[in-house]
Structures are given as structure tokens and as C-alpha cells.
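In the two complexes that follow, subunit A is the common piece, with subunit B as its partner first and subunit C second.
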Partner chain A sequence: MTAHPSLAHRVKQLSVAQMLAGVGNRLTPYLYLAPALFFIGLFVLWPVARAFYNSLYDGNLLFPYREYVGPERYVDLLTNERFHQILIQSAYYLVLMLAGAFALPILLAIVTLNVTEREIGIFQSVFFLPTVIAANIAVSVWIWFYNPTGGLFNTVLKAFGAEPVVWLRDKDLVIPAVALVAIWKQFGFHYLIALAGLKSVPKDLTEAAAVDGANNRTITRRVILPLFGPTALFLLVITLIQGLEFTFVPIEVLTGGGPAGASSNLIYSIYQEGFRTFRVGLASAQSVVLIVLFGGLAYVQYRMLERNVQYDR
Partner chain B sequence: MTASASERLASRTILLFALVLVITPLVYLVGLSFKAPEGIFSNPIVPFSWPLDLTNYRSVLQQMDVPKFFLNSLIYAGGVTLGQLILAIPAAFAFSYYDFRFKNLLMSIVLISLIVPFVVTYVPNYLLLARWGLLNSLAGMIIPMLGISVGFGIFLLRQHFQTFPQEVFDAARIDGANSWQVLWRVLVPSSLAPIVSVAIYVFIITWNRFIWPLLVGGGDPASYTMTVAVDIYYANPESGANWGNLMAASVVSTLPSLLLYIALRKQILRTFIEGAVKG
Partner chain C sequence: MRRPKYLLKFAAVHLILALCIVLPLGTAGAQDPVTIEYWNINTDTFGGPQVEALIASFEEANPNINVEPRSFSEYQVLQQTLETAIAGGNPPDVVQTGYPYLNYVGTSLPYVPIRELVEKYGGEEFLAQFPQNILDIPVVGGEQIGMAYSLSVPVVYYNADLMREAGLDPDNPPQTIEEWREAGEIIKNELGIHAIVWGYEQDNWTTQGFINSAGGDLLACVDGEWRAVFDSEEAINGMQTWRDLIEAGYSLDASNEEARQALLAGQTVAWVHSIAARAGIQRDADFDLRATVYPQNGDNPVRVPGGGNFLTIYSQDPAKQEAAWKFMQHLLSPEGFTEWTIGTGYVPLLPGLTEDPAYLADFVAENPIQQVGMDMLEKAVTWVSFPGPNGLAAGLRLHEAAELILSGQESAEVALQDAAFEINDLIAGETCSG
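Moving on, here comes the complex of A and B:
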């Protein structure tokens, strides 16, 4: 009779231990995730929330909350002519980036399908070189290319008897000149993605088409390109989302946004207001505009990443 | 797929032309760094002059504390890489092997962190570092970068961990190993190749970063990285006709990422493609 309570006691103990183990097991994945999510929360999500909050105040880097401005900040910003100019210049940059960092890499990747594997290896390795070099380092040689006196471009022009050009101080030339550098830096990476997308088209599909008598051009157009759609969409979205970021270091190193703001864009302007003129509130409000303008595209990119995540399992 | 001979020739010509355009700036970058200072203006079109002249490299080594800045870059890039792996490996493990509430939500947070533009986070993070007294320190440079870039490591490692057979994982559990042991004694040792790939990728990207180290460490030479030092010492070369010095400093500062790339090209290209999402 005395054994029973103790047995019951032991059974109870066991179940408590099991319960604890069960809770422990259920907590395990959260414990593994906690450190990484803490860092993401503190240094990515929290700053985004801060940007919304900071945009309602006027102040500098030392005293960001000197004065409450409120939603009026956005009325001021959105009716400001200089800001309109910055948005127009941003659009101009994006058009150039679409030509050079979206269309061009895809066209060259299609052309690449005609050469041998060994040649493909060489081309993609060399095209990719500017991407593995630090942005400001890669841009440094362009300072000299564009230098009005004794720089490479004007020396070549002079050799052909043409007038020298002040590449970076001409407000009509400066954006294409800066965008060219950004494209040169980014081209190889996008070419790599495009080529990987084209080559992931199953060989038996193209071979079957060839057996059916389709020629090369038909195979490219009818078999490969339709299957290339998702890659093209991905490239389009990242070119649009990151296009302005690619131009950031070239602007900073080559022009500082000049002459008279003619080469600035939304990303550069946020940085400049934050760290050059120290108007944190204004920089934050422009950040919010950036998030709103690119939110839709970011959502498309997010869905693509998410789909990729779900594919795997 | 077989192309006709003329198509092949046309394709080759186009690609060779593009190759020349892409490589030209790099040829001048290296060439000018080996030109004597007076030779840079006398014949600007020819990138190289013979014999190679080391004057620019000598003056760069004299003018700036290359070993110090190099070490700073190494600590910064190495610190971010190591910290990122320590954070990303357990997180990727949890996402690959467990089912739990809010899993999708938490994965969304990771994905969103990959998309947020860097300028949005820089001002608030700068303010945070100022409050903590971490400006002009390598720690201040490293710590926020862990949050900004860790999503990438999680994303990439997760894809690799998932290809690891669940049965091996279950067998180790039945043998009495707890999940921590399974992670570090079974999964990590057998996933060294992808882990090293991610590490190289993060190292190169971080070594190359310029704006963030400039903002955080640009106020004090003690915390300059190589990219920052090149900018601060030489980015305004028009004043002193320091073109050769700028190019020499640039070459020195890019050597580690360039050598890694040359040595491990295939692996690095593959990681970049995976990081960009398999189309």
C-alpha cells in the first residue's frame, strides 16, 4: 500500500520532467534564432521605425529631436522644387541603369550561348572583375578618365582634334557619365545571373527542339526565352530597387552630387542631408518617401525570395 | 545547341569588344600605378611604361600607415564574417530542421532585412553608435553590420542545410545527441564547403565596403580601413597631381579580394548566383 503513493509520485515527477523537456524542445528553435533576430531587429527593423519617427522632428545628428514639425514636413518636402528635381534625376538614373544593367547583360548573355563553355568561363570571370573590387577603388580610375586636363577621355578627344569636355561639371552630361561607371561596376554580376538563368533551361528541351528541326534562333526565342521569364523579372526588380544604390559611390567619389545638385538622386540626397548638412529629420522624411516609392517593388522581390524559400522543401 | 559558324564569329566579336571595354579601366588602374609620376601626363593614352616604376608604391607606403589600415580592414572584415557565421549557422539550422509557431513570420523578417536600403538604416544606426560611444572604433563598425548582413548568411546556409538528409539528423538524436551537438558535431563539419563559401563571400563584400566604415571610422586615422584611407588620402588627386599614388593605393587595397577571387573564382561566382536567388 505504501508503494502506491510513491509510485504515483514518481509517475507525476516523470511527467513534470517530460513536460519540461517538451517545453524545452519547443523553445529550442527560438533559442537558436534569438541572437540573429535580435541583431536584425536592433540594426535593421528598429532603424526603419526610427526613420518614420525622426521624420516628424527637426534637428541635427547631435540633437535629432530639437523641435516637433509633424506631418507638415511631408507637405514641405513634396512641394519642394529641389526635391522634385531629385526625383526626376532619380528616374533618369533608373532609365540608364535599366538599359545598361538590365537589357545589356541579358542581350550579351543570349549572345554568349553561341560560344564554347571554355570561352564562357573566361568571359564571365573577366566581366565579373569590377564587382569584386571595392566600389570607391574601382571608381578611382574614372576620376582620371574624366579629368578635364590630361585625363584619358579628353586626351583622346584632343588627338581627334575635338574640343575638351568638362564631363563631370556639365549638368547635362554628369548623370550619364556617373551612370556609366555604375553600370560598368554592376554589369558583370547581372550578366552572371542572366547567364545562369539561360543555362538552367533543361538541355533535353533544346535538344528536342533541335531534333525537330528548329534552328538556333528559333530555339532561343521559342524555348529558352519563355523559360527565362522569372530570371528576367528578378533582374528587372533588383535593377530598379538597387539601381540608385549602385550609383551612390560613383556619385560620392566623382561629383559629390554636383554640379549644383545636378547628379544627386534620392539615395544620395538622404545620405547628404543626414551626414553632410546634418538635417536628420529631412533625411528621414526622404527615407520614408523612398520606402513608399519602392515598397511595391520590394514586395515583388520579397515574394520571389519567399517562393524560393518554399521551393526548397 | 549548335550555332552556325558566322553566328559564332559574330557572337565572339561582340563579346570580345565588351570584354575590352570592361577591362580597360582596370588596365589603366594597374598601369598608372607603375608609371613614374612625370610619365602620367606625358603620354596618357598608353597605360603601361617600361620598365615598371615603383615610386608610387614607395610614396604610398611612406605617406599612409598601410600595415595599420590593412590590419583594420582585416579585423573589420574578419570580425563581421566570424560574427555573421556564429549568428547565421544556428538560425539557419532552426529554419531547416524545426517546425514551430511563427516560423514563416520570422523567416519574413529575415527576408525583409535583405531588402531594406542601406541609407535608411545608416542615420539611426549612427545615432545609436554615437550614444554608445562607439564611433571611430572597429567594434562600432562591426556590430551593426552583423544585423544588416546576417540575413544573407541565414538565407544561403538554409538552402544548403536543407539538402542534408533528415535521417542522419534523426539517427544522431536517437543515439542520444542533443540538438546542439547535432548542429556542431554533425551538421557543421559535413557542411564546411558551403560555410566556407559564405564566409568568403561575406569577407569580400565587407572588405570592399566603403561608406559605412567611412561614416563610423572616418573621424580618426586609428580606425581607417584601407578603402577609407585611400579615399581620405588620395580621392582629391587633382590638387597634387597624385594620380599614380591614388592608383597604387587602390591596387594595394584591392589585393585581398582580388587574390581571393582569382584563387577561388568558380566557388565565388556560384555563391554570388545563389545569393541572388536561383532564377
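Moving on, here comes the complex of A and C:
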């Protein structure tokens, strides 16, 4: 017994149509994604590929492929003591940025969560002011603060009978001094985000907890902070990923990476090699290392923190 | 059959008519105004008004040429923007470049050599006005890559009021390091401030002055290759002298801006800086400002790097090239140098201008600070530009060594030896003659 020919034909036709529909269904998301993928490819993936390619050659901006160096570039870079120092300093900057531009704004947001609307307005204005001032101008103000002879900080120290400090030329003080400026500039923005995140926690939940007998501390720890997770994650990610970027202008304006490279970090070093000494190959190799390090960091962050973040409210 | 012939004639007549219309237009096009860009580091407070005045007088004399100035805060920023512009196929026409970039420009950028400009557009008479040593300043690998424009030397600016207050004679300021050391002790005890401050930057101008004036050198030609030789005993002594002055409290580890502020705020009696800043300091100082010569270190002759910049042309378009060459000649004319020297402090490079009453004689006679700069000229040596594509990185390493020494983190001996070792690696294979 064979199937009726016309029926078999119809089944075949149907399966082809279904197959085409299936392919269409599978392609549809990619079509929607295509514009975004195109721009990501053009502005992210292609430059990364070019950076890697450039890193294999010696040259400047005009003649980037003057001499082939090859993978040895990475061996030299990763075994270079100066580069190790740059990595250590980058980590130091990140630790300070995490303390000053992540933990501190959240802490202050928690402390000021229950103050009156009028008072919170004052806090927001005062803290947000540095964020809206152009970076160069804002940082220039700090040149005066740190001035070794007539600067604000040394004048205060002198008033207390202490010896003046050469803030920006002491290798032990220079990174905290530069990071302080970056934190001051970024603090207000992070504070506002943290405050908005905390305020968005539904009041009925905190009120219900209070009715159940929870005190303020317990409510903060058990109700508010878990629901604040996505905001905290966002702040953590931008502080870690952009922390070194935030320090770029202060380094450039205040120290130029000195003394003897003691205030430089990975991003500033890339700039210095690429646009000051015009060694594009070396700068590109450092960029590739930066991408790998921060790509890995971002991945680990998401994997570890996503589990502990509560999105549903 | 006659129709095509008629059409052919008709077309030929129209073609001739069209050519009659188009050809004069083409000729008119060649006379169209040319716009050139002049990149410089002359801000409003440092030669900017003089640049505007020089452009105005040039445009008046050359109505078909329009010059658009673009000012940058410092050579580094100008240089990186220049590379980007050249890479983008849109280079500026005339560019001021600091001497530390001389070798880099000569080996890495597509400049138009002076030889080529003279061959194409003339200018032998213009060049003949300059002494050969001035023409030789911007020569790299035997090619003159531009024209020396600004030349400056360091002088010691000092606050005569403070010197008097400390019990010192401002009419007889210290002339040697030893005398400044003695004055430093008095100033420290009497006023509680610094005596003399050298500001320093990544260009190594101040560092080279200390090393050269202690009898040392930065580079030497050894067996046909350039070698860093600033790890010599003389160079180490020079840098250690500087550090000792800071450690004793007579001087300060400071940038140029910090040093300038210290002088203007009365936190130091003297600041060693370029004569090119003369006009700006005179404008800002509200005290009896004077200047004296760079201090001698021991028995060594004073040798200080000649600072400033040279002009280079990058235009590829012939009309722009010619206009740029004309503009460069205007900047380097007696009138151009007169405006430039009065407005800034740079030393004019054409001989005789400072003795000529038509130009700078009266100005120099009435301006003793400028005269100190003129007197220092004979002490000027070439500002070292490290050779090769790693030359700028080499310069940065020397600056870092100076930072380590002056902040007291390392001894002059260790820091200079380490830096010389690194720099010799960076400039290995860079050939020289002599």
C-alpha cells in the first residue's frame, strides 16, 4: 500500500513550506539584530581586530606597519617590569575607585535615604556639582589645591604647624591624590544613581517588614539591599570597567603620569605610547591586554553577581 | 546627407565657444585666493596677539592669500594632532615644531624640504640673510627640513624686592650655584621661602642645562652610532647639585607652572626660565622684576640648550606650498622678527636687528631683561633631540630619571645609569657621523 500520490505531494509541499517557515523563523531574530551587529562589528570588533594586527608591527600613526615584530611583542610586554608596575598601579586605582566611587556613594545614599525632600535636594546639588563641570576645568582647580608652595592643602598643614607635602611628586601619595580627584568628579553621579535605586524599593515591602517587627537595620539589610542589587551591580560594573577612564583626565592634567610613571595606569600608558611617543604597535598591544583583562573581569562579574541579584519585584 | 556635416560644424562652433568661456575661467581659478593653515603654540598669553598681527600684515601685502591660525596649548598636543591630520590626508601648511621633535619629524613625517621650496619658488636671497649655523639648526640627515624660527635661552628672573628684604643686594645677584647656595641659606632664614627654582617638563630642557653646565653631555657619537652618555661623572654631579639644592630647601621640585606661581606669589626669590616668557612675566609681576645670567656650576662653562621652535611646510598642493613659503619668509623677515621679539622675548635670528634703530635697538636698550637673554646667546648649545622612531620615548625616560632624582627616590648615579642603559637600547642602531 502506497500513499495516494496527490496526498504525498501535498505532504511534501507542506513539509517544504514548513521548512521554509522554520528557516524564516530562525532568521528573523538575526534580521532584527543585523543593524546592531553591523554597528558593533564596525565600531567594536573591527577596531579590536585592527588593534591586534597593529600590535604585531612597529611604527607610528602614519606608517603603522613599518617592521614586523610578531607575537614576540606580547612576550616582551608581559615580561616587562615597567608594564607589571603599570598593572599594579591600575589595580590600586581600581581599589581606590571602588572604595570612593562605589562603596561610599551607596553608603551615603543609605544614610541620606530618610532625610527630608528639601535636605536631599541640597545633598544632590552639592554632590552633583563636580559632575557637571567640564573635566579639564574641574581638575585644574585641584592643581591649586595641590600646589606645593601656596596650595590649599599645604596652607592648612602649615596652619597646624606641619611640614608641607609635595603631593603630586611623592610616589607614595600621588595615586591617592589623583584618585581623589577622579572620585570627587564621579561621586555625585554615582550617589544619585544609588539614591534613585534605593528609593525605587516599594514602600509597601518596607512597611510590611516594619509591621512584622523588623527594625531599620534589618529592613535595610534584608529588604532594601537585596532589591537594590541591580543598581549596585550597575554601579559596580561602571566603576570597575570605567574606573581607569575616570582617572585619565586627572592624570593628564595633574601629573602627566609622573613622577617617573608612578601615577600612570593601563589606559594612560596606552595614550602615552600611542600619542606622545607615537609607538602605535606597543600602544596597540597594551590595548589588547586591556581588552582581555577587562573582558574577563566583566564576564566574571556577571557570572558571580547575577546569581545574587534579585530582579523581580 | 548634408545634415551630419551641418551638425558637425554646429558642434565644432559650440565647442570653440565653450572653450572661449571655460579657459578664461580656468585662468581666473588660478588667481583665486589661497587659504593656508598656520599651526602654532601661541596662546593669547604667549605670542597669540603677535601671530594675529603678523598674519594681518602678511594678508595686507598678499591679498590673495588667507592665513588661518590654529593655536595649541603645547607642542605635544600640536604634534599628535598633526599626525592625525597627516594620516587623514589633510595636513596643515605651516607648522611650528619644538626642537625636541626635530629628529622625529625629520625621520618620520612628510615635510617639504627647504631645498625643494627654493627650487620651485625661489628664495635664495632670503636664505642668504641667515648665518649658516642658524640654517643648520633644523637639519636632519643632511636635509634642511624647515627654518629655525624661535630661539630662547634660560635666564634667572628674580624678585628684587624680596632680595632686598632678605638683606641681599639686588644689583649684584648671585652668579654661580655656590653663590645661590649661600643666598639660599640667608633667604631661608630671613624669609622662610625658596631662593631659586628650576621648573622642568618632559622636554628635558632644564635637565639638559644642568647636565651640560656641569660638563656632561646627553648624547655622543661613538663608533658611528648615537649613545646616551649622561651617566658620566660630570652629568651625575650636575643632577646631584640640583637635588642637593632642593633637599636643603633652597630650591623646589616643581613644574614650570608651579615655579611660575611660586615666583609671582613671593614663594621663591628667583625662577630660572626661558627668555621667551619675558613679556608674560613682566605683565604679571607686581614687584621689581629683574633678570640675571644662568648660574655657573664650579669651574665649568655655562652651556644651556637653545629652546624654541622651527617652521616646517607640509602642503602638497603647489599653490598652497608657494603661499606657505611666502608666509614663512614673512615671519622670518626683519619686520616679523621685530614683532615677534617685542611680543614674546624670543631672540631674533637675523643678524644686526638688535643694533638697528629701525628694528630692535631701542627696545633692547630699554629692556635690560631682554639684554640678559641676548648676552646668554653665546652660551647656547643644541637642544638634544633623541634620534630615531624611539627618540620621543627615549626623551621620556630621561625625564623620568630626573623626576626620580629630584623627588629623592633615587640617587643621581643610579637613576642616570638606569636611564642611559634603557635609552641606549631604544636608540640602538641610530647612526651618526663625527
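Here is the rule we go by: the second predicted complex is superposed on the first by the 251 of 313 C-alpha atoms of A that agree within 3 Å, B and C clash if a C-alpha of one lies under 4 Å from a C-alpha of the other, contacts with A are read in each partner's own complex, and residues count from 1 in each chain.
We take it that contacts are C-beta pairs under 8 Å (C-beta built on N, C-alpha and C of every residue); 3 or more make two chains touch, one makes a residue touch a chain.
This one's a predicted model, so the numbers in the text were calculated from it and none came from an experiment.
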Which of subunit B and subunit C A:Gly258 touches, first, second, both or neither: second
First (subunit B), second (subunit C), both or neither touched by A:Tyr92: neither
Residue contacts on subunit A - larger count, subunit B or subunit C: B
Partner chain in contact with A:Leu61 - subunit B first, subunit C second, else both or neither: both
Which superposed partner A:Asn147 touches (first subunit B, second subunit C, both, neither): both
Which superposed partner A:Thr277 touches (first subunit B, second subunit C, both, neither): second
Touching partner for A:Tyr74 - first (subunit B), second (subunit C), both, neither: neither
Touching partner for A:Ile291 - first (subunit B), second (subunit C), both, neither: first
Subunit B versus subunit C as contact partner of A:Tyr30, first or second or both or neither: first
Residues of subunit A contacting subunit B in one complex and subunit C in the other: 61-62, 143, 147, 150, 275
Residue ranges of subunit A in contact with subunit C within the complex: 58-63, 66, 143, 147-150, 166, 169-171, 256, 258-261, 272-273, 275-279
Complex contacts: residues of subunit A adjacent to subunit B: 26, 28-30, 32-33, 35-37, 39-48, 50-51, 54, 61-62, 64, 108, 111-115, 119, 123-138, 140-145, 147, 150-152, 155-156, 159, 184, 187-189, 192-193, 196-197, 200, 206, 210, 216, 219, 228, 230-231, 234, 238, 241, 245, 248-249, 252-253, 267, 270-271, 274-275, 280, 283-284, 287, 290-291, 294, 298, 301-302, 304-306, 308-309, 312-313
Contact footprint of subunit A on subunit B as seen in their complex: 1-4, 7-8, 10-12, 14-15, 18-19, 21-23, 25-26, 28-29, 32, 40-41, 44-45, 86-88, 90-91, 93-95, 98, 100, 103, 106-128, 130, 143-148, 150-151, 154-155, 158-159, 162, 179, 183, 204, 207-211, 215, 227, 230-231, 234-235, 237-238, 243, 246-247, 250, 253-254, 257-258, 260-261, 265, 268-269, 272-273, 276-279
In the complex, subunit C residues that touch subunit A: 76, 80, 83-84, 86-87, 104, 108-110, 194, 202, 252-254, 257-258, 261-262, 265, 267-268, 389-390, 392-393, 396, 399-401, 403-404, 406-407, 409
